[in-house]
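Heads up: the structure comes next, in structure tokens.
Labels run A, B and C following the written order; every chain starts at residue 1.
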Amino acid sequence: MASDVPAGKEEVVSAPAEQNDAIEISVRDLRIQYGKRVVLRDLTLDVRSREIFAIIGPANSGKTSFLRVINRMDEFVKDMTFTGEVKVHGRDVRAWRNLYALRRRIGVVFPLPVGLPLSVYDNVAFAPRLAGVRDKAELDAVVEKSLRRAALWDEVKDRLKSLGSLLSGGQQQRLTIARALSQNPKILLLDEFSIAVDPVTTMRIEDVLKELREEMTIVLVTNLVQQAQRLASRTAFFYMGECVEIGDNEPFFSGDVKDQRTRDYLGGKFG
Amino acid sequence: MFQSTEQNFRAARNEKVAKLLLGALTVVLILPVFMILTTLVVKGAPAISWEFLTTNPKDGMTAGGILPALVGTVWLVAVALVASVPVGVAAAVYLTEYAPDNWLTRAINLAIINLAGVPSIVHALFGVGAFVLFFELGTSILAASLTLAIMALPVVIVATREALQAVPHSFREACWAMGATRWQTIRHVVLPNSVSGILTGVILEVSRTAGETAPIMFTGAAFFLPFLPQSVYDQTMALSLHLFVVTTQVPGVPVAMPYGVALVLVAVVLIMNAGSIWLRMYLRGKKKW
Amino acid sequence: MSRDEERVDARDVAWYVDKVASTLIFVGGISAVVFIVGIFAFVTREGLAFVVGRFDFVEFFTSIAWRPTSLLRPTFGALGLIAGTAAVTGLAMLVSIPVSMGVAIYIAEFARGRTREVLKVLVELLAAVPSVVWGFIGLMIMNPLIIDVFDVPLGLGVLNSGLILGLMAAPIMTTLAEDALKAVPDSYREAGEAMGATRWQVITRVVLPAAKRGLVAAALLGVGRGFGETMAVLMASGHAIHLPTSVFDSVRALTATIAAELGEAPVGSDHYRALFTLGIFLFVITFFINLTADVLVRRVKKE
């Protein structure tokens, strides 16, 4: 597929039905502001089921703000407002009456690794408990499964009672992934997960993501162009509050791009 | 800035002088305190005995012990804590977790500073006007404790707020992202990790309330009562007021007695304070993240 | 799929608990404001009849004849009381501002490690001493001392309570002043030292001016503390209501007057209401002192 140019220029064309491409996240004319300052404008795109959708671009391009809107974390940020339509699974995120339920269905990994000051077990059991799971056997199963999928189980299985906040940075980031996975999400959002983490852990997490792609939709914001190249099926380039273009990975990273800015960024002309 | 060697020399000497002067001032502040404490101990220790602490005053308070005063202070402090800690913790939680950056928040902060700065006798007047008269509690432990609670509220708020702010924001965000409500986050992560800080505030409040005299003088504390209080509606004696009484209101008191009472009061207050300081230092070492 | 989400999007127990919790927390949050307003309201309520009826502005502020219990002609001249408060607080500040600033500078700029920790702890403990104990010290220790050293007949008065009050206000001022000095960024000091100035010069020419607002706020709050102090002043200042002419004179302060007379003033009488009016007066003054100090500190934080 050639790259799509979004935003008001043409209709966004979805792929012909090769797979059952349901649209997980649909965005129309999204505009995000902090007070009077516009950080993202005219964003229109679709994120399809079971793809890894990467977003690359320099700092302050609106990438993180976009992620925040998807699970309505804008509620916790002062002065953050947005207009336009964002639909998750066909339902507008503004129409949700219980935002906590929305967030429970979406997993998030932040740039800075966070281990909550609870035991490792309680870290991963946190979300299931929020969802009402009380049965010890069930919790045990969820905790083990999530830690295994996050490639952390072997390192912590003998010390599930130790404090999550005292783990190493790389372990805490995998713990965050385990927490996200314990929510059994259909959508996983990762915001520059490798910034504060060593290369070995980054590789392990990338392997985890490749496996997860079979089961869920992943939106990956990254400042590492090669990471997007390795993992994503489609990539979007955000620059200064605009989505400049979106493309399937193969053509995108071999230079078949429509916009000069994209070419410059991919060529490392600015970072 | 300075070129000549002579100016440099003079500057260096000025510095030595200044350092000496400041050190001397520090001594000026600290030394009287030590001297006073020593006098208290030397003159008051003779009066302290098991009997002193566990029996009632006799002979028009010129002899005997201070038991009702001790018991009364415990009552007053306990009720004040029950009233002020929940409200103070809630106020601090509001300020750290919810408060937007607007005029109301500024007003709250200003009110807290003012509450701490209101003269104790004005607190007493308020206690009389509000609790004793308007709410018809009469002069009682309840009226006096509520007055003390309002006076000590800022202590709890400030200590709790510090403890809450020490919890990194990223913890809260991680919980919210999983779908936890603000309350769930506070209850499971923020508050449990602030308990020790709140405790230092509570200990400080205890120390402060135990020593206050003016707010309880007209709201529930009495010079002399022949019995121990049975309920919050009773009047009571209090250690702080008792010191005032035996020092100024009772003729013919043997010298050691007021010193003894002062010593007990100072000991209680200082031990509580030292405990709070120690707790704070201990916690600084036990990092959980 | 949208129907799936509709089913899940239900307000559950946790949602409602959160709403209730946030309401209760909000109530706690505004409690401080409610109480401050309440204090002003109730004190004014009791004193209002006096202010509206019997209060004579000229008499209050210019006459030293405070004779509320006189049967023939009760008068409510508060000048003597105001003078008493002013004299005692004035002397206290004269003594404690230099000492506090000096100690604060020493702790913040010179003391290191262990010494600093110990000093800070001592200052904190000093602040914890209850005011009735200070009054006791004034009465039992300072009184005979002053009589001895200065050969005067009575050791209770401006000197005694001024010194005691100074010792009481000093720890708070020291702590706040130290905070103000610590708030000055190290880069300022480094810049000064890089230019070849000595430690002391850096302090006087760079740090102190930069910390000016915070230091003034500290002093103000100390004044406020001195102004509002009750028991210590009650016990150590004597009982004469007049304009003091020497530090050895006995005086009567506003706070002490209320404490001494409230017990005997019949509820609802002019005397009773006049005492509450003194309370209103005290409240308003300390309110403005605190307000000014807070404004100053906030300006510091903005920079």
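As a working rule, a residue touches a chain if its C-beta (ideal position, glycine included) is under 8 Å from a C-beta of that chain, and two chains touch if they have at least 3 such contacts.
Bear in mind that the values here come from a model prediction, so they are computed numbers and not experimental data.
Engineer: Which chain's centre, taken as the mean of its Cα atoms, is farthest from the centre of subunit C?
Structural biologist: A
Engineer: What chain lies closest to the overall centre, CA atoms only?
Structural biologist: Smallest centre-to-centre distance to the global C-alpha mean: chain B.
Engineer: Could you put a whole-Å number on the gap between the CA centroids of subunit A and subunit C?
Structural biologist: The mean C-alpha positions of subunit A and subunit C differ by 54 Å.
Engineer: How many angstrom lie between the centres of subunit A and subunit B, each centre taken as the mean Cα position?
Structural biologist: 50
Engineer: Approximately how many whole Å separate the CA-defined centres of subunit B and subunit C?
Structural biologist: 15
Engineer: Which residues does subunit A have that touch at least 2 chains other than itself?
Structural biologist: Each of 100-102, 105, 130 in subunit A touches at least two other chains.
Engineer: For subunit B, write out the residues touching at least two other chains, lowest number first.
Structural biologist: Where subunit B meets two or more other chains at a single residue, that happens at 181, 184.
Engineer: Residues of subunit C that touch two or more other chains: which are they?
Structural biologist: Correct list: 14-15, 18.
Engineer: Which residues of subunit B touch subunit A in the complex?
Structural biologist: 100-101, 170-171, 173-181, 184, 188-189, 193, 288-289
Engineer: Which of the residues in subunit C end up touching subunit B in this complex?
Structural biologist: 14-15, 17-18, 21-22, 24-33, 35-36, 38-39, 42-43, 45-46, 98-100, 102-103, 105-107, 110, 119, 121-126, 128-133, 135-137, 139-141, 167, 170, 174, 195-201, 203, 221, 224-225, 227-231, 235, 255, 258-259, 262-263, 267, 275-276, 279, 282-283, 286-287, 289-291, 293-294
Engineer: Sort out for me which residues of subunit A touch subunit C in the complex.
Structural biologist: Subunit A residues touching subunit C: 22, 88-91, 96-98, 100-102, 105, 130.
Engineer: Looking at the complex, which residues from subunit B come into contact with subunit C?
Structural biologist: Going by the criterion above, the answer is residues 1-2, 8, 11-12, 14-15, 18-19, 21-23, 25-26, 28-30, 32-33, 36, 39, 86-91, 93-95, 97-99, 104, 107-115, 117-126, 128-130, 133-134, 150, 153-154, 157, 181-184, 186, 207-208, 210-214, 217-218, 240-241, 243-244, 247-248, 258-259, 262, 265-266, 269-270, 272-274, 277.
Engineer: Which residues, counting only subunit C, touch subunit A once they are in their complex?
Structural biologist: Touching subunit A: residues 1-2, 4-6, 8-12, 14-15, 18 of subunit C.
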